[in-house]
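In the two complexes below, subunit A is the common chain; its partner is subunit B in one and subunit C in the other.
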Partner chain A sequence: MLAYLLRRLIGLVAVLLAMAFLIFALQGIIPADPARAIAGVAAPVEVLEAVRDKLGLSDPVPVQYGRFLGRVVQGDLGTSIRTRQPVLADIQKYLPASLELGLAALLIGTALAGLFALVHRRFPGSAVVRLTLITAGSTPIFLTALLLVYFVWFRLGWLPGAGRLSHRGFSGPTGLNLIDGLLAVRPDIALDALQHLLLPALAVALPIAVAVGRSLGASLHEVMRRPYIRTMRGKGLSEGEALWRHGLRNAASAPLAMLGLQIGLMFGNLMVVERIFAWPGLGLYMVQSFASADLPAILGVSLAFGSIYIVANIGIEMAQSLADPRIGLSRSRAGAAD
Partner chain B sequence: MARRGGRRDQRLTMAAAPVLAVRDLSVALSRNGRSSRVLEAVSFAVAPHEIVALVGASGSGKSTLGLAIQGLLPRDARPEISGSICVAEAELVGAAEPALRQIRRSLVRVVPQDPLSGLDPTMTIGRQMAGKAREREAIAWLRRTGIADPERVARSYPHRLSGGQRQRVLIAMAMLARPRLLIADEPTTALDVLTQAQVLETLRGLTRAEGSALLFITHDLAVATSLADRVVVLEAGQVVEIGPVGAMLAAPQAAATRRLLAARYDLGSDRNRPLPAEGASVAWPAARRDASKVLELVGVSKTLGRRQVVHQVDLSIEAGESVAVVGESGAGKSTLLRIAAGLTKPDAGTVTRLGETRPQIVFQDPVAALTPWLSVGEQVADRLRGLGLNTAERRRRLGEAFAMVGLPESLMAALPGELSVGQCQRAVLARAIVVPPRLLLCDEPASAIDMPLAAAMLNLIGALRRRLGMALLFVTHDIAAARLIGDRIAVMQDGAVIEAGEAEALIARPATAHTRALVAAIPRFETAR
Partner chain C sequence: MISKAFSRLGGALAVLTLVLTPAMAEEVLRVPLSVDIGTFDPDNGFEIGAMSAIDNVYEGLVEYAPGSTEIVGQLAERWEVGADELSYTFHLRDGVSFHDGTPLDAAAVVQSFERRRTGELALSYFLGNVTDIAASDPATVVITLGHKQPSFIHVLASAWGPKVISPKVFAEHAGSDLAASWLNEHAVGTGPFTLTEFKRGEGYALKRNDAYWGAKPFFEEIRLPVVPDLSQQILQLQAGELDAVPDGYPVAQLAGLPATLEVSAAPNMTQFQIYTKPGTAMDDAAVRSAVLTAINPALWMKDIFGDYAELSKSLYQNAMLDPAVPVSFPTDLEAAKAAIAAHGPVQLRIGVQSEVVSYARIAELMVAQLATIGVKASVEVLPLGAAYVMKGDAKAPDMLLTIANPDAAHPESQAKTYFTTDAVLNFYGRSLPEADALVNEAGLMTDVAARDALYEQAGHMYFDAGYAIPLVDADDVVVHAKGLVDLGLRPAFPQGNIDYGTARWAP
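Here is the complex of A and B:
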C-alpha cells in the first residue's frame, strides 16, 4: 500500500513535469504575445523589447523552463501578467469556488448516474427517460448551461443565474460557501449558496451522469446474469439485496474508470460553465488568462488541475481495488498470477 | 413476509407429508417472443430423507424444473405456470415474491451446476456464506463438507480455491440453512472424476445426516443410480418413467430410459465396437497403422510461473495409433497437448512431428472454439483455402466433411449461436478433418456435454480416425472414455507420465495407486446389467 502510494507520487511528479514542459513548448507556437498585451497595441518596438527582457521572455525556452522549475520547487509559481498578483495567491483565492462546484457536480453526477443505471434496467417507459438523458448528455456543455440559465433563471426565475452568493462579505474557513454557512450556523447563507450552486453544478454534472450511468447500467445488466447472483437469489436474497451486496461491487470497476476519465473532462467543462455563470473560480480565471496569454497563470492552473486529476485517479484506483480485491494495487504481483 | 398462522405447526404434520410434491406442473417459457412448453403435466413427490434423481438428456427440462421448485424461473422468459409445487406444504405456484424468498431462505436450497462461477469473486467465502454473525457456524459446515482448513478457506476469495473446494463451499452454504430439500443441479459436471466421486459422497453423507431430502438433477444414469433411492426420468418436458433404482435398471420401461442406459459407458463397455447409443453396432474396422512416428516427444518439460506443469515426458504416437492421456485437472495434460500441437514451446526436450499438415485440435468448449459471427460453413471452409481448389471442388469437400460428422448441409449457413452444443462440437470436428491431418488432438471433447452426446462424440471420433487414418492424442480425466478411445493409455500426475501401456492391460492391472484411484472413481451401476 505504502509502496503503491510512493510509486504513484513519483508518477505524479513526472506527469507534472511533462505537463509544464508541454505548455512551455506551446508558448513558442501560439501567436499570442504577453509582452504586447502588457505594453499595449501601440507601443513602439523598443518598449516591447524592454518589457520582454524584464519578463525574461527573450531567453531561450529551455532556460525559461529551467527558471520556472527552480521557482516552482520553492513554491513560487511566478506572477500573473494580468492580475500582477502571485499566481499561487490567485489559485488559493479562486480554487475553493471551483472545488465547491466540482465536488457538487461529482456528487450530483454520481447520484444521477445511479438513477440512470436503474433506468437502464427496466420499467415501462424507461426508453423515453433514457432517450431524454442521452440527449441531455450529448448536448454540448455551453448549450446546456445557456439553456439552464435562460429557462430556470431568466424565464422562470426559480434559481439565481450568476455568482456564488447574494450576501457580500461573507467568508469562512473552508472557502466552500455552503459548508461555511452551515459551520457558521447561518442557514440563510447556506441556502443562498446552495441556490447559486445548483444550476452550474447541474450543468457540469449532466455529462458525468450520462457517461457513468450508461457504464454502470451496462455493467450491472451483465453482472446480474452471472451464476453467482443466481446463487444469492437461491439463498433467499431479494433482488435489491443481491444488487446492493453482490451486484454493485462486481459491476463497479468499469464505471469507476469512466468516472476517472470524466473528472479529467470536467476541468474543461468548468471553464465553460464558470464563464457562463460568472462563477469566480479557477476555470473563469483560466479563461481570462488565456485571453491575455498569461503564461504563468495558465501554467499554475494547469499544474493545479493536473495534480487534482492525478490524486482523484489514485483515489479511483483504490476504490476499484476495494470493490474487487482481486485487483491488486501493486503491479508486480499481477504478473506472477497462478 | 410473515408466515401465515397455519404453517406454524407444519413440523407436526410433516412426518407423513412429502417434502416436495409436484402435481400436474406445466411451464411455458418464451424465447425471442415465441412461447414454448418446457414442462408438461409433471407430477412426482419426494419424501423426507429421500434421495431422488431427476434424469434426462439436455433439453429435457430438468433444469427448468429445478428453477421452478425454487420459484426462480427467469422473469425475462415470462414463465406461464400451471399446476402445483408444494414444498413442506407451502404452495409455490402463484405465491408472492416475499413468500418465495422465505421458502428459499429456509426450506429449499440449491447446489448449482458450475462451482467456478457460482461464488461472488469479490467477497471472501466466509462473508458470502453467512455474513459476520454466523462465521463460526459457516466454518463448522465447511469442515463437515471435508475441507481440511476451513478457517483459511473462509478468509479466502473464491479464485484461490480449486473447483472441488468451491463446490464443497457451495454445499456448505446450502446446508447452513438446514433445508428440508436440497436441489443439486448437475453439481459435478465441471469437476474431474476423482473430485466428482468425493463431492457426491459428501452430498449423500450430509443430507442423510441432516435429514434433508435431496433432489439430484443429472444426465448421468450411473451417477443417479449410485446415489438415489428413486429415479424420475424426464424427456421433452414429460415424466416418462418413475420408480425405485433397482426396478428401473432391471426392466427399463420407457424408450428414453433405455436410450440413456445405452448411451452410458463405463469400464465394462465393449471397446471393439461403437457404443450402442444409436442402435446396434458392428465391430470397428481395423485402423490403418504403420510404424512411422507422427509425433515424438523426448524429455519434454515446461514451467509456467513457478510451477513445473510438464516434467520430462517421453511420448510417441505411430501413424494411425490412438493414445489417451488421463489425469486429474492440473496434471499437465492440456499443456502437453498444446506442446504436441506446437502452440506452446517446451523449456526442454524435443518435439518431432511428421507430415506437412499441422495437427488439428478439438477443444473442450466447442462454443468458445467457434467464431460467433462467421457461419459454420465458412469456418470449416477456411481450411480449404490455399489448396488450389476451385469453387465446385471446395463445395464438394465441405459437403463431405459435414456428412462425415453427421451435420445436415442446411446448417452450413448457420451461425454457431444457432447450433446446439453437440452440433457445435461436430462443426469443430468437421473443421479439423476437412483436410485430414496425420494427427488429431482432442482436449476433453466429451467432458462438458451430457452422457448421450458424449457417447455419440466418442463414436464419431473413433469412426473418423479409422476412416481417415489419423493418429489420435486424446486428453481426458475419464479413464472409461480413455479405454474406449485409446489403443494405449498414458496416466499423468503432477506433470509426469507415471504409467503407460495397452489400454485393457493397464486398467486390469494398474501399477500405481493413482491409476487405481482413477479406475475406482468411475461410477458403476450398483445392480448387474
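Here is the complex of A and C:
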C-alpha cells in the first residue's frame, strides 16, 4: 500500500508539472496580454513594457516556467494579476465554497445514481426511463442551472437562487457554511446554508447521477444474472438481500471508474454553475481570471483542481480494490489511471 | 381574553412592520457587479463596473458634472491656469475630512499625487506630464507640467484620474509598496461613502459618510453583490432582490418591462467603430465606398439598440465633440453593387473584439448587408487580447469591430488613443502624418471651438483614408426599480456607473 501511495505521489507531481508546462506553453500561443489587463486598454506602450518587465513576461516561456517552478517549491504560486493577492491566499479563500458545493454534488449525484440504477433495474425496457435519463444527460449544464434558478427560485420560491448565505458576516473554521453552522450550534445558519446549497449542488450533481446511474444500472443488470446470484436466490435469499449483499459490491467497479471521470468533468461544470448561482468558489474565480488573462491564478487553480482530481481518483481506486479484491493496487493499474 | 390581546398585538406588529419596512429598505441600494473588483486602490487598477464604488469613496480635485462633460470642482473649490499654461493652481475646500477624521490639506493631495506618479502603479501614466506638485500653503496645490497640455484638467476629471488618500494610510501601511497591498482591499478617502465590507467573490458594502462635506447622500448603505450572470441579475431585479441592473439588459426586453421596473438612459461615450487593415480590397476607394453603403449604421441601428443609441457624427463621441460636418455614408446600393461587380470578388473577414451580444449582432447584420452588394464577409470573435497584437500581422482580420471609450471627454484622449501613428490602440499600425499634425496642433489649443474644428478635420482625414469608421454611440442604459432617480450617469464614465451619492428614491 505504501509503495502504491508513493508511486501515485510521484505520478501526481509529474502530472502537475506537465499541466503547468502546458499552460505556460499555451500562454505563448494565445494572444492574451496580462500587462494590458493590469494597466488598462489605453495605457501607453512604455507603461505596458514596464509592467511586462516587472512581471517577467518578456522572458522566454522556459525561463518563466523555471522561475515559476522555483517559486512553487517554496510554496509560492505567484501573485494574481487581477486581485493583486498571493494566488495561494486566493485559493484558500475560494476553495471552501467549491469544496462544499463539490462534495454536496457528489453526495447528491451518488444518491441519485443509485436511484436511477434501481429505477432502471425495476423498469429495464421502459422508454420513459430511458428518455428521462437521456434528456437529463444531454441537457447542457448552463441550461439545467438556469432552469433550476428560474422555476425553483424565481417562479416557486422554494429555495434561494444565488449566493451561499442570507446571513452576512457569518464565518466559521472550515469555511464550509453548513458544517460551520452545525459546529457553532447555529441551526438557522446550517439550514440557510443547506437551502442555498441545494440548487447549485443539484445542477452539478445531475450529469454525475446520469452517467454513474447508467453505468451502475448496466453493471447491476449484468451481475444480477450471474450464476452465483441465481444460486443465492435458490438458497432462499430475497431479491433485495441478493442485491445489497452481493450485487452492488460486485457491480461497483465500473460505476466507481465512471465517478472518477465525472469528478474531472465536475470542475468544468463548477465554473458554469458557480457563475450562474453567484457562488464564490474557485470556479467563479477561474472564470473571472480567464477574463483578465490572469495566468498565475489560472495556473494555481489548475494545479489545485488537478491535485484534487488525482487524489480523488486514488481514493476511487482504493474503493474499487476494496469492493473487488481481485482488483489489486498493482503497478500497471496505478500507471493506467494516471 | 388572552387570545384577543395576542390578536391585537399581532395586528399592531403587522401595521408597524408595514410602516417601518419600506423606510428601512429604501435606505439600502443594491446594485450587482458583473465582474468582481480586482483592486480598490484608486491608483493601481482599471476597474470598470466597480468604478462608481471607488469614485464614491475617493475624490479628486475636479470631476465631470452628472449628465455632462462639464468639469466642476470636487476637492478643489476653484482653480487657475498660469499664463505659461504649465502651472495649475488648485484651491482646496474648507471643512473636508477623510473617513478617519484627518482633515484634508494640500500636503495630503501632494502625497497622494506623488504616489500616483511614481511609475510603480498601473495608472501612473495619468500624471506622466507632471514635473512638480507642491503645497504653496495648506489650502493650495500647484501642479506644474513639463509641456503644455490643455487636456490636463480632463485627465484630472477622468473616472480613473488621481484621487486623494488619507495621509494616515501612508503613515501606517506604506510598507515597501506604497501601501498598495493595504489599499487593495481597504480605503480611506473623503467621499460620500466609506468602504465597510470587502468580500471578494461575494460582495461589497459602502456606508454613508455622515461627516461628508457635500450634500448628504440619500442611501445609508450601498450593497454590491457579485452576480456575474446577467439572467440571474434580471431575475433578482424582477424579484425585488436588487434595485438595478446597471448594464447589459437586453434591449429587446426593454419595451416589455414589468410594471415595477423602468429605464434610465443617458448619452455615453461608448462608440462602436470599425478599423480597417491596410492591404485589403478596402484600400480601393470605390470598394470602400460600396462597403460604407452596405454597413451604413442607419440601416441597422434601431434593430440592435432600439431608441437607446444615436448615429455617430464623427470619429469622436457625440458627447465629446459636435462636428460642423458629420460623417456621411453613401446610400446608393445599386452603385455599390456595380462597384463591387466592377472590382471583382471581394471577401472580408470582420474581427469582433468581444463575445458581447451587441458586437455579434452588429457584425451579423453587416455580413447580411454586405452580401446584398456582392461582398462575401465572415465574422470571427477574436480571443481575449488578440486585437491588441494585430499590428503587422498578415493573418489579422480585414476589419475590426470594437468599442472606443477613452479615459476622458477630450478629443485628444480619443485621437491619441486610437488614430495617431503613435496611438496606443492604433490596432493596425496605420499612419497619416498630415492628420497627426492637426491632432498635435489641436492638443495645444485652449480655444475649444477652434480646437474642435481641427480635431474634426483630422477625424475626417482618418475616415476618408479608410482607417476608421464611426458607427453608433450607444446610450448608458440602466434598468431599475421604479422611483429610483438622479442616477448621476456621466457620459465620460463607462456604462452603468450609478453615482451612489446622488441616487435616491423619488418622494
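We adopt the following convention: the second predicted complex is superposed on the first by the 324 of 338 C-alpha atoms of A that agree within 3 Å, B and C clash if a C-alpha of one lies under 4 Å from a C-alpha of the other, contacts with A are read in each partner's own complex, and residues count from 1 in each chain.
What we mean here is this: a contact is a pair of C-beta atoms (placed from the backbone, for glycine too) under 8 Å apart; a residue touches a chain by one contact, two chains touch by 3 or more.
Since we're looking at a predicted model, the values are computed, not measured.
S.K.: Going by the contact rule set out at the top, does A:208 touch subunit B (first), subunit C (second), both, or neither?
M.R.: neither
S.K.: Return the chain, subunit B or subunit C, that is in touch with more residues of subunit A.
M.R.: Result: the larger residue contact count on subunit A belongs to C.
S.K.: What is the contact status of A:199 with respect to subunit B (first) and subunit C (second): first, second, both, or neither?
M.R.: In the superposition, A:199 touches no partner, neither subunit B nor subunit C.
S.K.: Is A:256 touching anything from subunit B or subunit C once the two structures are fitted on A? First, second, both or neither.
M.R.: neither
S.K.: Touch check for A:298: first (subunit B), second (subunit C), both, or neither?
M.R.: Neither partner.
S.K.: Quick one: is A:326 in contact with subunit B, with subunit C, with both, or with neither? Answer first, second, both or neither.
M.R.: Touch status of A:326: first partner only.
S.K.: Touching A:290 in the superposition: subunit B (first), subunit C (second), both, neither?
M.R.: second
S.K.: Between subunit B (first) and subunit C (second), which does A:234 come into contact with in this model arrangement: first, second, both, or neither?
M.R.: The answer is first: A:234 touches subunit B but not subunit C.
S.K.: Across the two complexes, what residues of subunit A are contacted by subunit B and by subunit C?
M.R.: none
S.K.: Okay, in this complex, where on subunit A does subunit C touch?
M.R.: Its residues touching subunit C are 30-33, 36-45, 47, 50-51, 82-85, 90, 93-94, 97, 146, 149-150, 153-154, 161-164, 168, 275-278, 280-281, 284-285, 287-288, 290-293.
S.K.: Give every residue of subunit A touching subunit B within the complex, in rising order.
M.R.: Against subunit B, the touching part of subunit A is residues 226-228, 230-238, 246, 249-250, 323-326, 336-338.
S.K.: In their shared complex, at which residues does subunit C touch subunit A?
M.R.: Subunit C reaches subunit A through residues 35-36, 38-39, 41, 44-46, 119, 122-125, 128, 160, 180-181, 184, 197, 199-202, 225-229, 231-232, 235-236, 238-239, 383-386, 388-389, 406-407, 417, 424-425.
S.K.: Could you please specify the touching residues of subunit B with respect to subunit A in the complex?
M.R.: Residue list for subunit B touching subunit A: 70, 72, 97-98, 101-106, 109-110, 112-114, 117-123, 128, 157, 159, 170, 173, 177, 305-307.
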